[in-house]
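Report on the following structure.
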């Protein structure tokens, strides 16, 4: 399978969207593009598994390389391993759902979809590129669409949030950039991830560049204390924007931390692992405690994202194969889950026109479908078995527990405590929103429309697919984690 | 005592700083222009002195001086034209009063 | 070996019931949903009986020992070699017994609910939840993997949450459901860490391998687990204690019991199923499942189980004496009885005669399920009629509800341990086991069984005797056939289940255990029980003020007991005041003001600096020239003199 | 003779154009619009002709030399000139002294060409002055506007002062080495204090022209006051030309001093980025805003220069090419708005998108390119500058640079926000865009979006630099 197609389809869709005349055409074009991409990524998944089953054990499959800037050794080097395939699957699910959730966007519809598709293109490109330069290109390409999506179609203090988000992400990528230069000059003037992974990068460089790269990507994935764009950004964004932000963009950071920072600089990773896990454990706990105090529904999910993404970094920082597998699973799981959560919040907000949870109540009565999904997603968030969150978190815990010293044990236990706090805030939110007596003014509310239902069902499928049968994801991801671990073992 | 390179250089540097000082302190645009001429003249003096005392076989310095003079003339011409136009707009050529563009 | 498909079907049918009712119930088959679910569950129950029958009497025994069979296993999530979550079925005596209990009680509740929940708007949803619960509970009992049990453990918790909060428009129900979930979740945290410890030290998650590795004296895993310690307690004991913490939470053991009384906000049949007969004994089941490890390798943890059980038993019994909400009385009684089961395990040893406590505990679990479900269903019938939970609104109902009255009486006699009802036999065995191994617990148990008799009959007399009932008009008291049938069936069970030779089937090591009947030993408890009944009769059979006087005399103590020793308040204080105010609020504040503040301060300072330095661009061309010259001089000084 | 024509072809063409324009003033009777078309046509031909019949070599005793790289640089400047003439068609047409304005601009361009080709400090000086004085004159061409004359005054005085200082430096070089020939200087440089001092004096002239802090103060005032076409010319063509010369002078002539100038550039670059960004933060006038942003851009160019490598030089040239597209697009839109409505404030752009979507997109693209955000060419340009700068492994420097990208994004986004997000009851009315302008805008937009993806451009430049 030619991976370039994964970038081209969104690109063509975006251009097509831009050329369309009326809103209906725009919507359907975007939907068609997103669906094609979904089918493509499912096909990629199948092709990948077939290739693996056929005994192809190369680290990356479907590789292709085209020189872009010869003098810099920059090339469009594409390829996927299990981890990237998982992330691509996640992206395509979220994109389709996001497109569907935006069906009612009236203001500048064309531009909205254009930016949305552009954003998704950034994510696809990011996950399949094996060249740091190209990777960085795709990382940054998504910043402006996010800014505009929040700033134009957002709500609340949207300008502030949009600015904050764009600037913090830009700051993050600035750090990434500097780290990348370290790799480039430390690793024989190459941006190629595969080449770099075969070169031993000087430990002195690693010590400087690992924190830069990790913190830089960490900004994207809400690493404490760089997470503050998350609550504001998520809550101000339009529904699809939040879905993309939390579901896809935050994953770019996690993926970068893993594939770039940890994989290419194992000595650095070992050196700084303690700091990483302390910070991420803080994010996990602190995020969940902060969530407990929020009153705005979107803030709740945003802070809980901080907490959940803390698990991703925790898994990466623990540096065991199981934990890293778990981290990737958590990325996928949280991506789908949080996208669905935002979708549900969007559905509710569109009807109640408030996001303050204490102004709502009893919506289960008038909106049974939406409220049921809300229950499911809440339970997924607090790690109910059978839904995706459980699988990922447990894998991380199992992996973390393999580190036997007291420090790692203490951190792990601290992180597990968040499952209780999560239960507290999720139940608080659900109890306020869906349960309890209903207000008179909400009695006439209608349940989700077809597009909303379809969107939520698509994401729900993702959640259930991971939650009920995690082995496929595990089989997909763990060989990739294994390769990363081999490098870390050497470094240890 | 014959004047040597040092003396001439001393004069030229003095001239340079007089020009600079004049440029910094005079309020009249024309006077400022004249201060610049002083700076340029100090340069000319430098060139000639170097030519005479250090590199008597290379005439670059002399030629350079001529070019500087020419350019200075052109510059003065344009500058005065500009100042005239400025005077039309501002009714003054006091540099302190011409500061609408700032910050 | 049975065809594993049967056992899988036992799980899948309730799941199917859940899915069908959940997806189609609301719009398509609302009225038929009860019948469909009940039918599915009936088949399930038949299958369960079939499997249990087969296990106990046909294929389960090899050379006289009940085997642990694993007819089905599927690798669900493999962490590393040997450590994987498997979905499997582990068939052994307690599983078989639990299959029977769970499906039987669930079937009774399904049938009963046909009448009880009739006309409810979310009728189908109710059945869907019941299906989910039954599925999860069955999954829990057949689990072959410690992580599998944890998964179903959580699912059970969620179904309990959903059912308690079934009347979601009632704020108290919502609060109760949240409380139940969060408290058990907190306990599960311990369970989870326990699992992590055990699995790491044993290198496996599979029950059989785990137990084998952690009990055989020469295994390296056991040695390392015992050798390493934290705070003076061996790692293994930590693991077991934490696992027990999970069990204690689910089984409402002291001090994690606070959710159980509130859980009575759910529909009464649900209370019967979940909060009396099945889910709350999951903790006991868990301890029983890991019993060899407790008994052989970690006696300290087992001792703790015993103590916690004993304390809970007494504590709950005392509180039960003062409650006026009939469901709460039953809830505390449940807690007390589970305490019995727990300490029965706690005083037991592994194997042979010494393992009597284990058998007794399981036996009591079995009988208790029958009579406690009966009590709840009876109470449900009463509530259905009176439309109140408070015993002050009741009295003299024996005439309007004869069948309910009779069955309730049987159940009360059973729980009070009056021979020849079921409770008598199981309780006798427990007391015997306690007597042999731990005198302290024995005395507590004896006292508790006396109290049990007292508060049960207090309940009984208050409902059916006491003041005279003035029937409201033509209203017929009984709830119809579907509600009566389960009562009668369960009453039969409560009356006769004691005659089952339980020790033959269930014992700690799989070998049949012949339990003897010691007449002289039984005298004391029975007499104590009868005394309790008598006192209750004295106080409550007729309306009088004796009980009030006693309450007055015990003023402070009575109040404390009535308020459940203020445990709710303490917890509320810790969560609301301490956690919210001292952790949550500061975290939110910190985030808003410090972390966010730093980002904003960075922005604002940048702007402020840019405002400050604007005077450099003064608009004066002469100043520009000065800056220019100073730049030149600066550079010259810097690079000619300083930088070298 | 033949060699003379091939080697000096760019200058000769310019001179021819200047003569034609001068003659046109002698009453040949062109009306404004035809004259404009003539100019545009000539510039276009000039640009195209730049690609043919080029030679390498030197003339006038090494006073003048040329190579493929220099030709390319001149072509880049020609391209900028064409774009300027197209972008500001409306303003030029309305200008009473159309021919003079172009004569002045072309003369300045001619000066730049000489400067680029110079092989001797004398030639360089001549070129520099020739490139400066006419622009100062042109800056006052909004004759009736106060600020215009003020800008011109500031420019001519500042640049005279700066060239005075530079001349002093040149005289010291002459005194110390006895030669002004570029090919002879490197061998004579020995790190003597006098030489360093002379070098610093010379260096400040470059710094002044490129508006490096603290020699930048004239920039914003002049940019704001000048007619927008001239501003664009100043910010793009002048700056580009001086950047070319700067690189080649430092790399070829003052190579022995590279340790000194590396440190010097590092210090100045940090200051330039910071000051440019900090001042740009609070600007309201769009021209002034672009002026400070271009100062900040210079900081980035300096990073590339500091690398002292072939890739550094290539990156600078590549960046200038990209910068021409992005900055001209920005100035083009600002010029249109300013010409049709007289509005130059950022606040006036509120809700601009609603009435002028095309212009908004182009403007936004230009700003994104300036701030270095993909997929625009500015991203590649800036990244290459940083990469080549990173070869020294000076991480602190790099982090400051990278963080400055963040600050700069803030104010670029301010404009974007005004156009796309802010509400406004009376947005700027839809603007009728002249056909020529439209083409130029599209060329700029296309350049911004696509230039980055043509990797061969960079490789080609690098081949030439080698």
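By letter and in written order, the chains are A, B, C and D; residue numbering begins at 1 in each of them.
Throughout what follows, a residue touches a chain if its C-beta (ideal position, glycine included) is under 8 Å from a C-beta of that chain, and two chains touch if they have at least 3 such contacts.
Predicted, not measured: the structure shown is a model, and the values here were computed from it.
Chemist: Could you say which chain's mean Cα position falls nearest to the mean Cα position of the entire protein shown?
Modeler: Going by the distance between chain centres and the overall C-alpha centre, it is A.
Chemist: Give, as an integer number of Å, the spacing between the C-alpha centres of subunit D and subunit A.
Modeler: 42
Chemist: Hey, how far is the Cα centre of subunit C from the one of subunit D, in Å?
Modeler: Each chain's C-alpha centroid was found; their separation is 77 Å.
Chemist: Which integer distance in Å separates the CA centroid of subunit A from that of subunit C?
Modeler: Going by mean C-alpha positions, subunit A sits 36 Å from subunit C.
Chemist: Averaging only over C-alpha atoms, locate the centres of subunit B and subunit D and give their separation in whole Å.
Modeler: Their C-alpha centroids are separated by 27 Å.
Chemist: In subunit D, what residues contact two or more other chains?
Modeler: 153-154, 157, 161, 165, 220-221, 410, in rising order.
Chemist: For subunit A, what residues touch not just one other chain but two or more?
Modeler: If we look for residues of subunit A contacting two or more partner chains, we find 167.
Chemist: Using the touch rule from the top of the page, what residues of subunit C touch 2 or more other chains?
Modeler: If we look for residues of subunit C contacting two or more partner chains, we find 603, 614, 617, 619, 621, 625, 629.
Chemist: With chains as vertices joined when they touch, what's the shape: line, ring, star, complete or other?
Modeler: other
Chemist: Just spell out which pairs of chains touch, all of them.
Modeler: The complete list of chain pairs in contact reads A-C, A-D, B-C, B-D, C-D.
Chemist: Which subunit D residues qualify as touching subunit B in the complex?
Modeler: 122, 125-126, 129, 133-134, 136-137, 140, 143-147, 149-154, 156-157, 160-161, 164-165, 167-168, 170-172, 174-175, 178-180, 220-221, 224-225
Chemist: So in the complex, which bits of subunit A are touching subunit C?
Modeler: Subunit A residues touching subunit C: 164, 167-168, 224-225, 227-229, 231-232, 286, 289-290, 292-294, 303, 321-322, 362, 364-365, 368, 375, 379, 382-386, 390-391, 394-395, 397-399, 401-402, 404, 412-413, 416-417, 419-420, 423-424, 427-428, 431, 434-438, 469-471, 474.
Chemist: Show me the residue ranges of subunit C that touch subunit B in the complex, using the header's touch definition.
Modeler: So the residues of subunit C touching subunit B come out as 614-615, 617-622, 625-626, 629.
Chemist: Within their complex, state which residues of subunit A touch subunit D.
Modeler: Going through subunit A, the ones touching subunit D are 67-72, 74, 133, 136-138, 140-141, 143-144, 147-148, 151-152, 158-159, 162-163, 166-167, 170-171, 174-175, 177-178, 181-182, 184-185, 208, 212.
Chemist: In the complex of these two chains, what residues of subunit B are touching subunit C?
Modeler: Residues in contact with subunit C: 20, 23-25, 32, 95-96, 98-103.
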